Amino acid sequence: MLGTLENSIRVRPISSELSILGNCDGSARVKQGNSSVMVGIWGPVEVKQSKEDPEKCVIETTVKGATGQGSPLDKMYEEAVRQTCEQVVITSAHPRTCIQVIVQVESEDGAILAVMKNALCLALMDAGLPMRSMFAGVSCAQQENEELMWDPTAEEEEESTAQYTFVYENSRNNVIYVHCTGESTVEQYMLALQKSRQVATEVFGFYRESFEKLLRKDVKFQMLLPPIIKGEILEEPE
Amino acid sequence: MNLIRLSLAERKYIVESIEEDIRTDGRSCEDYRQIEIETRNLPNTNGSSRCKIGKTEVLVGVKAEVVDSDLHNPSIGKINISVDCSATASPHLAGRGSETMEQEVLSVLNLLYSSIDALNLTDLCIVKGESCWLLNIDVLFIQCGGNLFDAASFALKAALHSTTMPDVSVAGEGIEMELEISDDPYKVWKLNTSMCPICITLYQEGESFAVDLTEEESECSTGHIHVGVLPSGEVSAMEKSGAGNLEPIALLEMIDAAIRIGTDIHKQLHSHLLAESTTATL
Amino acid sequence: MADDFKIAQPKQYQRLFLKDEIRPDGRALTGCREVKIHVNAVSSALGSAMVCYGNTRVIAGIKGRFAEPTINNPNSGYLIPNMILPMTCNTKYRPGYPDDAGVAMSNKLNTLITDITDLMELCVVPGKVVWSLNLDVVCINDDGNVLDAAVLALSAALNNTWLPATRVMEETGRVLVDPEGERSRLELKFIPIAVTLSVFDDKTLPDPSEDEENIQSGSVTCCIDDQSKIRAMWSSANLSDDVISAALVYVQKRASVLLSVLRKVSKTS
Amino acid sequence: MDIVRAPYKRTRVIASQGEDLEQHIVTPGDVITQNLDFMKSHGTALSHDHICATVAGAVYKVDKLVSVKGVNNRYRGEIGDVVVGRITEVQQKKWKVDAGSRLDSQLQLTSVYLPGNISRRKTLNDELMMREYFTEGDLVVAEVADVGNVDGMLKLHMRSNKYGKLPEGVLIKVPSVLIKRSKLHFHRLPCNATVILGNNGFVWVGPHFSPDQPIEPFTLNSRETIARLCNVIKALAAYGVQLFDTIILTAYDISMKYKVKELLNAEVMEHVAQESYEHSLHQNL
């Protein structure tokens, strides 16, 4: 993707596939380097009465690691995925329903939380769920010489002194999720927060590209395009 | 795996169609859907493959590690298969819902590879009585659309075929023995998969039987047998499961069909894998 | 009447108070509940502490046992944190198996204390026996902000942990605790303090109560150590950079207050 | 025929039009317009004095109403739609029907014509007999009578003798946007088969049938026809071609040069879908 990043920021190639699973409402696979995550979304569907919420839809998340055996980290990832969904999805639009989010890690080589979030965003978009905004996950690792390294591999993460994962949304460019571990000063933290935003902007561009590709491929979309507005643009914002 | 419910009318139509030898998607009873196989798709493994049959999609990864030899079998390596059904196959399978199905597939795969000839395990021995290779084989179902057993066995064979094992050099002796695993990507050897069986599952439907059932069709079947077929056309393993009973004559007929279909798929699988490995090395 | 309104319209209820720059429990917007620390609350543990944040009450206890080290790190001991949220502390937790929230919190504690002490110090007989310290954190009552209380309790407990002296039996090679020997203090490289801010509408409220946690749109937890370094941060709220840097300033201030309390308590014990 | 193969990568793109696609595609969070005179509809929301998109898709504007249509939306339902569904639960005086919408749909006992085809008061006896009429798993065809205001739950009715339980046949699920809106949903095709295109994306293929009469016994030929129809519908749907009776028939004719089971091959599916699509474009011009 990428062309407008600062020279110091390097990320691994990112690729995506959309609508890969036939039996769910939305799905996506995102690969960043050797990390690959697949997300499937069911819903909104009817929910058991015991879990029903009369005002909004309930979000349930399951995260499965690459090895099959559960890891204690999965629970933390589940919490992270649910929190992001609740931030972004307009849950009041579908009361009394439930959305199931299934995250399957296919192979893991660093920046896994960011890859999860990116796959999650594309899958939510693919499912056509109403969202306040898109979001993009960016991981970076701070090395011993205080330099930042974006989209680290597992090895680079291991060697770093601090690891950050930020998730940005695109309507106000705010941060909606932070996961940071290791040791850093407030200044280093703020620097990472601000610089990572550039990567997020690139990821948003990548999302758009992925979607245009999907929509172009399908005649399905052609008929969605209303003939009335073909060639006519809505009012440009002043 | 009772996820879809069919009406009596649909069941009747499906079973009658199989008895008439023209199934709901136009195949005859002994026709397979197309089997899409690609290998080396997981970069962090020694060998891997993805197999798609209709909607069914399965991913297999092989990871090798050095372990201590077994006391009772000092001169052979080990394999360890694990089967996992991703919740992406269906939300009902999240949590413990998929365990029965995983167990069933695992037992069939273990049965296929329980015979010592299936994979030449002596190749996996590094130092007799000291250390050997352990192949950790992860089978992951991504989508389920019927005929999981066969898909898993095809993917497993393809993954083993694509597996490259690093060379190991041994220095010293006794307690001071040290193993050095080379990381040179060209100093590798491949497993001999010529005797790896594949599984052909035949499902009993009413009065007749069929292979490669779709999800809807498996809903209506009463019982099935798994036949492990070798490339030579010999039967290496067999298991009957599910409800229903079989006439001995029908059973013979089914085995006959399994061998016929199995050898054909073996042949095609072999040439496909060969073609793929040559393009990969180029 | 007020109670009905609170149950039916919790968010409106909260907004009415916030408009007047006050929180439902009488605190100022940036006010925190009273914090109490009581170290060595459990006499049978190597180190322990009880922490109260208003009605939230958490106990941390550290128990040591001998264990075999791993082959890769023959001289390193273990620190195993475990967060227990029993059903009795709040009705939202289910009985029986560990609650998801508890597992997620244990993970957070684990990442936080990875480097807290030199694990080599926990070595008893190199390659053979090391100390394995179980850091159990039990929530007695959950009235919001359990994570902060848990981190504070854990820090206070670790800061007051004394390892007993050991001796090795000549004949059998077994390791025993020597009750007469001099105990050694567990040296910490840093003392982490967690400060949570709850985000509601456009306000960030420190030290949320349970009612506030139920209606918040997200929260930020920042862990700062005694050298003012960020040790961990978990945030699930929609925040601009300005809000984050303002929050960090607040967190630093608050952490230094808590830290001085913790130091005072440790000294007197 | 080769069974084992490498995965098929779709290369050809059926659609070639839509050069000006970009300006109509929005992703969630994009500002559609700042002009608040517009009324917002599906797929849009008000945020910070802008009308923003909440789904990824195309902007749609009718007079002052703006909406964004996404690709994979669940079936929403409109009054008067004909839907095919599966009974999931028998409850007191009503059935629950899975019709692919967000919540299971409801079918009241009072809104069903019972055998005898007369609209009469339902007795306690009828209530006890509910499982005799429709039981769990049965496929039914019905009409949408009402759409719930808040949660969008569909209420169905069967007050016509064309609605009711479906006999032996095959159900195919396609995305609901692929069903072309039309007045006719029951298509008695000349190839001796009936196709019901439910607005909810559930397509039923089976023999000709009429209420209260047993269907003719199947022949090899009729089974083959049904299988062929199923396969071409799947092929068209896989490539996102909108479904209506003539395109299905066109595709059916085009597919005649292949054996039925060859229609399962990705290449053949693509070929059939492409040719039928081009053919239908031609006819429309």
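Each chain gets a letter, A, B, C and D, in the order it is written, and its residues are counted from 1.
Methods note: contacts are C-beta pairs under 8 Å (C-beta built on N, C-alpha and C of every residue); 3 or more make two chains touch, one makes a residue touch a chain.
Keep in mind that this is a model prediction, so the values were computed, not measured.
Chains that touch both chain A and chain C are absent from this assembly. Between A-D and A-B, more C-beta contact pairs are found at A-D.
Nearest to the global CA centroid, when each chain is reduced to the mean of its CA atoms, is chain A.
The most distant chain from chain B, with centres taken as the mean of CA atoms, is C. In this assembly, the C-alpha centroid of chain A lies 33 Å from the C-alpha centroid of chain B. Spacing of chain C relative to chain D, judged by their CA centroids, is 54 angstrom.
Chain geometry summary: the mean Cα position of chain B and that of chain D are 36 Å apart.
If you sketch which chains touch which, the pattern fits none of the simple shapes: not an open path, not a single ring, not a star, and not all-to-all.
All chain pairs that count as touching, in label order, are A-B, A-C, A-D, B-D.
The touching residues of chain C, when paired with chain A in their complex, are 100-101, 103-104, 106-108, 111-112, 114-115, 217-218, 220, 225, 228-241, 244-245, 248, 252. Interface of chain D with chain A (complex): residues 10, 13-15, 17-18, 20-25, 27-29, 31-35, 43, 45, 47-48, 50, 52, 54-62, 66, 69-74, 102-104, 150-152, 175, 177-178, 239-242, 277.
Residue ranges of chain B in contact with chain D, taken from their complex: 5-10, 12-13, 16-17, 20, 22-28, 31-38, 50, 52, 154, 264-265, 268-269, 272, 276. By the touch criterion given at the top, residues 2-8, 86, 88, 136-139, 165-171, 206, 218, 220, 223-224, 226-228, 230-231, 259-261, 263-266 of chain D touch chain B in their complex. Interface residues of chain B, counted against chain A in their complex, comprise 42-45, 55, 59, 61, 82, 84, 86-91, 94-95, 138, 140, 142-143, 145.
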